[in-house]
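After this come two complexes, each holding subunit A, first together with subunit B and then together with subunit C.
Moving on, here comes the complex of A and B:
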């Protein structure tokens, strides 16, 4: 059975002055997978995420989502089509509590914005509380996000993205900044939430332990190009990947 | 105890304002103007929630005041509610046109562009003498109230209580608006506009909604002030007036709707009585008051009250105050 292609990049190219950040990128992302993007610093991994989520426009090439050309769409239009994003540095509303962050996302998704219905009474409240439960943050619902440790900020950021009911979620280093002792715990919570929400994911990651544990496919980026793609066992044990990206065996 | 204070003190202030003209009739016009101005300040506070300061919101105060004056002039005195309605509609219409342009900008550029547009309007009022009366302005004849022609004293009394009811209603509706999803989204423009866009929401459109709401409030205040004063002059749209609105917002506290009216009442009282008893130094007194507010109560009088009664002042108001 052929797997459905959710997102496809064709011939993407972008340069920042003389630096080539993407050069003839051709890649398909299939529904139901968790694709990890690895590569050295400056390989163009985040640039690819930025293009696919509408933050950057490529100089050449196109991005198709659900078969439709979305290359020139603004981030907010991509979100409405089902592409969400979680950030390397969690992007939260720092004057609001954890629950309020989710409620704002829930209201944005439903697009029911009665100007006189209090935020805390929107119909999506129950679903948002469930989302908080999914990412194990129910106990901090009323805390201001500005007071949270990095691990919880990451989880809230991902919960916000899931509140948008995406088909595809891009995550930029989902465990960066999280204490080593908590990384796997945070990752397992994210993985469980994504499975429950039935969301396809693409994530950039430097930690090969995380990649090995979470990804079912790995793509290796270098100098703006996709060098390899395949199952984690094959890619992470490839001698060229070990030499150029990992530096040691996982 | 704290809960009671927070409920009782605002209620007592409203009651005192409602009763004061009965005990001291000379305060009636002062209170009417202070509350009218408070409505305009409320509009400025709406924008402060998004972290944007407008130094040109007197534009909408002036547009509405002149629209009300034209209605009065064109219909031999006019009817109070139609003057108010047309004044507000005029300010809303202008706010859509100006707003579509200025919401593309943030911070100092947003503030200065608003100032520029308001000064263009001010110049037009000055130059088109045959239409606007130039620097002399236009007189606003006492309008009918629900079709009834009233004597001056009776009309001023009715107008005062109408302004009080409208101020309370506007404060309640604005409070509801700011606590709604769209009001909260507007607040996120200050903290994380990027995330707002990544929620599928246009930050510009969200700010435009807030801008139109704020202009409507300024417009209502302007039309009421025009009727209360009986004359409109270009000074309604002058930049000093815009600065005054920002000053009052900081003085009263930009974190709550009550701050607009508390600040406005205090400001008008200080201005009136200080200019009467200390004519040469009243502006210095106001300056010193503002200095103290910024240094010791950056969240304004309402923020200070909240702190004293144990409630944490909102970071929004602290930041806006700074």
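Moving on, here comes the complex of A and C:
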């Protein structure tokens, strides 16, 4: 059975001065998977995310989403097509409440909305509360984001990403900054919410425990190239990967 | 100072403060969201006044009801905001948001100079005076003083409505929240698909329309002539700086403070009339460099 290709990168190349951050990157991302991207610092992992989400334009190569060339699109246009992103540091509006953050995100997507409608009468409100429920945050809906601990911020950030109704979600270290005792708990909630929302995900991660638990596929980046790709067991136990990427962490 | 003069100074001050507030709140809204200090803001005020006075004079001369002056003011304000303000943001300011503040001020100053000449081209150097709206509302008597209802009731009522309306709009409505979101973090707003460019354009048009509305209302109380934009922009800078940049409620209080200060100066020390607003600003900034309500570093409108 062939799986549908959601996103495809062909021959991506980008340089910053003399540094090669992407060099002939070719990869297909299939619908329904959780792909982990691992690799040493400076391997070009975040650069790849930046290109796929429209924040960087490659010097060579193309990105196709749903079969269409999206290489030159701006981030907000990619969001509308179904490519969302959660950042390493959650991009939340700290002066607003959790629910307001979601309503803002939902409103940014909706094509028909009345500009003067009071916030609490918005029809999407119910759907947004459901999203908060999915990430186990409905009890903090009215709290200002500035008061939340890091773990909850991450969850709210994921809920916001889901409010954009994405098909594909890129996450840059979804549990960075979260206390290690809570990491798995936060991650399990995220994984469950992504499954329920039927969202394909690609995430950059340094913690191999998380990769092992969460990914069903792993791609290894090094010096702007994709070295390996395969199921977690194969990739994480490959001697070259252990030597070059995982190093002393094992 | 006898009680009647005292009351007169208060009325003058409030009426003047209402006009200054409308212009200053537009300036501070634009600064709060776009982070650009717009010197050309005074031109919107002047053009709102010119448009209202010249069109008003023509239609009243043709025998139409003086009550048409009120809808005319609104229409003139929106048209100046859209036709003059819109292209300025879209074609000029949108290219300089990432640049140094000095450059931004120079560019908007250049726009101001150009618009001053445009006004002379369209309306000439002769002053206009068109007070039909002021006459239409008649006079009221308070504390034995006869004062125009236009200045004593209408202007303050409009200013308070704008203040409350703007606050509800920003804090309670979806569009307001989108504007605040872009103000807090443009990049995050873009990452969730908000069209920040459109938010900037709409905010600029709203701010410009507020200044033009101030001018439209002022046209009934004063003669419309070259230079009025320059006077107003300097004064509203003083109000905005006194309040703290980007502070909407603060702008209302600072406008009142400066409006009253100026009107009392006219009665007590006429030679200080021009100086008083800046003395007040100087005093406030000496004690609180970030303004009465300003917060250092945080972005807020």
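Assume the second predicted complex is superposed on the first by the 247 of 250 C-alpha atoms of A that agree within 3 Å, B and C clash if a C-alpha of one lies under 4 Å from a C-alpha of the other, contacts with A are read in each partner's own complex, and residues count from 1 in each chain.
Heads up, the rule we're going with is that a contact is a pair of C-beta atoms (placed from the backbone, for glycine too) under 8 Å apart; a residue touches a chain by one contact, two chains touch by 3 or more.
Predicted, not measured: the structure shown is a model, and the values here were computed from it.
After superposition on subunit A, the partners subunit B and subunit C are seen to clash.
By the touch criterion stated above, A:160 is placed in contact with subunit B and with subunit C alike.
Taken together, the two complexes place residues 74-76, 79-80, 85, 91-96, 100, 103-105, 107-109, 113-119, 122, 160, 164 of subunit A in contact with subunit B and also with subunit C. The touching residues of subunit C, when paired with subunit A in their complex, are 169, 172-175, 177-178, 180-181, 184-185, 187-195, 300.
The touching residues of subunit B, when paired with subunit A in their complex, are 173, 176-177, 179-185, 187-188, 190-192, 194-202, 314-316.
Those residues of subunit A whose C-beta lies close enough to touch subunit C in the complex are 74-76, 79-80, 85, 87, 91-96, 100, 103-105, 107-109, 113-119, 122, 160, 163-164. On subunit A, the positions that touch subunit B within their shared complex are 53, 74-77, 79-80, 84-85, 91-96, 100, 103-105, 107-109, 112-119, 122, 160, 164.
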